[in-house]
Amino acid sequence: MAGDTFGHTLQLTTFGESHGRALGAVLSGFPSGIAVDEYFIQGEMDRRSPGRDRFSTQRREPDRLQILSGVFEGVSTGTAIGMAIVNTDQRSRDYDEMKDVFRPSHADYAYWTRYGHVDHRGGGRSSGRETSMRVAGGAFAKLYLRQEGIQVHAGVRSIGTVTDGGAPFEPPFDNGIQAVDPAMVPLFEQEIDRARMEQDSVGGIIECQVTGVPCGLGEPVFDKLDAALAAAIMSIGACKGVEIGSGFEAASMRGSRYNDQMHIEAGRPVFESNRSGGIQGGISNGQPIVLRAAFKPTPSIGLEQHTVTRTMEDRTIRIGGRHDPCIVPRAVVVVEAMTALVIADSLLRARAYGI
Amino acid sequence: MAGDTFGHTLQLTTFGESHGRALGAVLSGFPSGIAVDEYFIQGEMDRRSPGRDRFSTQRREPDRLQILSGVFEGVSTGTAIGMAIVNTDQRSRDYDEMKDVFRPSHADYAYWTRYGHVDHRGGGRSSGRETSMRVAGGAFAKLYLRQEGIQVHAGVRSIGTVTDGGAPFEPPFDNGIQAVDPAMVPLFEQEIDRARMEQDSVGGIIECQVTGVPCGLGEPVFDKLDAALAAAIMSIGACKGVEIGSGFEAASMRGSRYNDQMHIEAGRPVFESNRSGGIQGGISNGQPIVLRAAFKPTPSIGLEQHTVTRTMEDRTIRIGGRHDPCIVPRAVVVVEAMTALVIADSLLRARAYGI
Amino acid sequence: MAGDTFGHTLQLTTFGESHGRALGAVLSGFPSGIAVDEYFIQGEMDRRSPGRDRFSTQRREPDRLQILSGVFEGVSTGTAIGMAIVNTDQRSRDYDEMKDVFRPSHADYAYWTRYGHVDHRGGGRSSGRETSMRVAGGAFAKLYLRQEGIQVHAGVRSIGTVTDGGAPFEPPFDNGIQAVDPAMVPLFEQEIDRARMEQDSVGGIIECQVTGVPCGLGEPVFDKLDAALAAAIMSIGACKGVEIGSGFEAASMRGSRYNDQMHIEAGRPVFESNRSGGIQGGISNGQPIVLRAAFKPTPSIGLEQHTVTRTMEDRTIRIGGRHDPCIVPRAVVVVEAMTALVIADSLLRARAYGI
Amino acid sequence: MAGDTFGHTLQLTTFGESHGRALGAVLSGFPSGIAVDEYFIQGEMDRRSPGRDRFSTQRREPDRLQILSGVFEGVSTGTAIGMAIVNTDQRSRDYDEMKDVFRPSHADYAYWTRYGHVDHRGGGRSSGRETSMRVAGGAFAKLYLRQEGIQVHAGVRSIGTVTDGGAPFEPPFDNGIQAVDPAMVPLFEQEIDRARMEQDSVGGIIECQVTGVPCGLGEPVFDKLDAALAAAIMSIGACKGVEIGSGFEAASMRGSRYNDQMHIEAGRPVFESNRSGGIQGGISNGQPIVLRAAFKPTPSIGLEQHTVTRTMEDRTIRIGGRHDPCIVPRAVVVVEAMTALVIADSLLRARAYGI
């Protein structure tokens, strides 16, 4: 009810602030008997960590995941999986000067009205560092999905005003910035560089596709598969938009162009297009699931901004230091993780009804 | 767990198929002591009903809502509110010819893989008629929100390829098609007329705004207010995209342009813009909440389409008869209803923690 | 969250007051393809109805269940099952004299503090009539369980101070009062008769057993199968105690006597006793599930009692008329229904994890 | 859904096995601004630890609780509270000889059928050590309740066949064994001593009372306050029965004796008895809440028992070593913790509706 738990049959509960003692999670409902590849899981953690590309913040955040329960002799036991990363650097000195100031378009003001305080040490619970536990949970979900023949991949479609031309989606995207189209990498880098040099920031768009999804996942009415995905993705800090299949473009299409027609090939139904993004009536139809998410620019910028203090005084602020001018490349694995958690949850949930 | 219930503290559970005996709902957690204006509620039902504008289907669907419990002498008792509409016309004759055919981009195929059957009588549980109970629940939510000084309004921003020029959002939009910009009404009508004449269909975009929302609604991490809204809106049948505030446009903006700066006026903080759409860090900040939803074109069209049968044979299909070429105007009240349910639920939920 | 919904994977949501227009329910998550025997379901409704034995109230309450959705051509569709009974007699005249008085050990006073009002018409939502929808939901659960080879039966073990001698549990108990031991029927009747003649009331104890339960149902830690059963049974109006297996007697037993030892017969493990009542560590072990529930005496009695009014004045009250001196025989089917709902829910829930 | 989370508005999620790396919990929905007295919390942990009385196991289990998040400068922040205890002794050597044997009336066999394996290292997730995190969560709940003027206390009413004579309930019970009646301490000790000398074990009964509870807590129908308490208490490992107020005794009482009559004193309603145990119609009525729980004897005994192995062979077993002949005194704080969690959850939940 307080929003720290995600999912129904596979449930991830997280805790932890950016500068507290530790961040951690409990993954409940993970099936027993799944081989737990800790090397893969740590690899996912590393994909989110800063310092992987030359654009991300230079803070040392070694997100070394410890698995504390639920895994015995390399295999999941079916009981709750506890995990944590210890914060080695709990210094919050860098933030002390901003202690009384609401940073523009951060969560500071809203949290202050909600809780009567703000943990000024780097955003506390609203920090992007919270997503580390989503990635940990998502890594477990991927291990389960792989065994079921399901793959989840995401990549960057645009950075700032630079958008790719609709290149085919052929993962993995091992090109530093995780661009869907490797040819876009230098252009995306240039866009980020320019923003940084101007002490500004940029956002971008990530696309995620899931292949191997069986028909029949998702619940009708309120828990449609696309509704679950929309909530999952929109719950990632900086996300401001989600679309499925043709998405917003669908609004301007004629039915005759939008509809996914079918015919028979080798005795089986074949869709002639996938504008529905793999979901019809809220239920998966066996086609790849396709979604896109819009991320706003990083709110921390060096340019001067107007803001106010807790004591209701005007102030100007320049947020200096070691902030990413663009968090989009680091968000790719987070989008994958949330998508994987939804698909794994939906699969287990559908199993209850014999799917 | 099977997706027929929506919300946490205020919960709407619905049942009913388009051609069954009745559709109904249980609204649980509605506060006691609220005056229940049945005339207003029925008015909301009527806004969704077809035949209000000249574009919608001509079927007679008198959605006469009966309130069966939870209201005593015109006031809510605090216990479960039961409600239902009886289906006066349960004929399914019109659908018999399509009994064995999966209608393209309808839920037919996905449902068939899920449940081992399709209720061919007009879509069954996946029919748009399911939304009538969302509107009934949303009408109650609005009654509660009004008492708290909160208003929810939606209007049409685009139909097919015709988009308004960003007219100011000044509800109510009593112009038949519920366009935000009344000057767009003839152009929107033309777009729909053209689609109908060509036996085709069109989609569109609806914008919804909520005013009077207190600060502090929404839960951090997974149940952010924008995540809850995204799930709510995306769970409406034909919706394929949701965005908050600047939405997808935010992805191409610089932080310096996107960030909502603040200053003090009359001792209180004032935002200089609302690109966040009233939500920061997943929590309301007191500004109007702004969201937009993309609706795909109606899947039922008269043009010939390829499809397959349950016995895995190719077939062509023309879906004739009394179908809307555009459901967007009728979806306006559904968007409002789902938004109102989320805001009312979030408000009650926050009250638990003293907001 | 407001307590009108029961279950996780199979969910029953109910509405309705004793003297409102209708009582109803939504059963969500019921599997598709189950034959729905409406004659059996109505038979269950009738088992709860008064007037079946000569002790129950003589009010005419024809609980004729209407199934409104989710069943098509006699088979469940997998979507929400809506159902309702219409209240033919909504007269509340009989209750008007008690309008301002809190009836002792009824819910009146507690509800008044909670909701700021009391629906004086026979208890409103707290009336025993609320259990009719539990029976309807339980009847569906039984249909599903039967198909899985699981049987749920309950019977009366004691009425007032009269207790059976531990007769073997051999259902069905078609002896009017539904006594486990048919030899006890006249003694139980005598106990009830004596209470009625003295304008008083009595309670009793019901035992429920479930056979054919597979191993592995129930979730560890908080949602143990016995915890779910305890909540289900204790949520029935007049229930004040629940025990599993040896129950309270276990507290005075030595481990050497209590423990259920095992040995091998025909290659399979056989338990030498069932003091655990079929549940160990919160998970079913394949033995019959055994529970007992204590019901308090009916609070409505003709003898004079002290009470107070809403305006905080002393008053004496005699509750006359057509009240059962003992509701225990009518509660038998309610205990079965709640047990069946828990077992069906647990079974579907376990299926998600491959049980 | 997998049962690792407890509560609705205040939610406790736990993880950890008896011999894993750590046990931990996330407490979500704990209000902000509550002073967190870590000394009190550790004191509660110590009450559960063995070695406090001379009867409990002599293993060293220093349950040193670490608070990892959600508390800043000694005050709760309103966000998720993470906590953990590290297992200093992960030796499982002592259990290796029982690796393939199902210990009678332990969870071993049921878990094996559920998960396809048993963590033989002391019971794994089904170990009594799991309750340490309930105590940690309950300690936080008590801190919140105290601020609201609510006190939760439990004490021992019986051990084995030795029962107190209904002494008045006047906490605290600082007498080693936590007996309600201090005069019973030597008799209770004698009962436990005798069981140990005979290599056997005993159970007992714990009573819990809550004072200062406001009227109006609990939800009608399925989430009655007594139903929530029953589930909470029955979910504690060895509990086999729960009763509220007069409990099972109510079944044999006449209505005229059972009913809690009322009169006015100093303008306010006063109950003349509390046979309802503070709950009527599932909702608190302002009187002390009273419940009793039956605990079975410890299943681990030194006497020889029949059992079977995983390979379906007969075996006899003597469970030697450092096991408690009676866990009832250590369970007292667990009963308090679960009760406190339910009351705190119900209070926050009711606040949503303005109670």
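Think of it as A, B, C and D in the order they're written, each chain with its own count starting at 1.
To be clear about the criterion, contacts are C-beta pairs under 8 Å (C-beta built on N, C-alpha and C of every residue); 3 or more make two chains touch, one makes a residue touch a chain.
All of these numbers come straight from a predicted model, not from anything done at the bench.
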{"item": "Relative to chain C, chain with the most remote C-alpha centre", "value": "A"}
{"item": "Chain pair, A-C or A-B, that carries the greater number of C-beta contacts", "value": "A-B"}
{"item": "Distance between chain centroids, defined by C-alpha means - chain A, chain C (Å)", "value": "45"}
{"item": "Centre distance in Å when chain B and chain C are each reduced to the mean of their C-alpha atoms", "value": "38"}
{"item": "Intercentroid distance (Cα basis), chain B paired with chain A, Å", "value": "26"}
{"item": "Residues of chain D engaged with two or more neighbouring chains", "value": "1-5, 8-9, 14, 29, 32, 78-80, 114, 125, 220-221, 349, 352-353"}
{"item": "Touching residues on chain B, where the partner in the complex is chain A", "value": "1-6, 8-9, 14, 102, 104-111, 113-114, 125-126, 130, 158, 160-161, 163, 195, 200-205, 215-216, 218-224, 226-235, 237, 239-256, 258-264, 267-269, 272, 275-277, 279-286, 294-301, 303, 305-308, 312-314, 349-350, 352-353, 355"}
{"item": "Footprint of chain D on chain A - complex, ascending", "value": "1-5, 7-11, 13-17, 20-26, 28-29, 32-33, 66-70, 72, 77-82, 84, 114-117, 119, 124-125"}
{"item": "Contacting residues of chain A [partner chain C, same complex]", "value": "1, 9, 29, 31-32, 78-80, 220-221, 348-349, 351-354"}
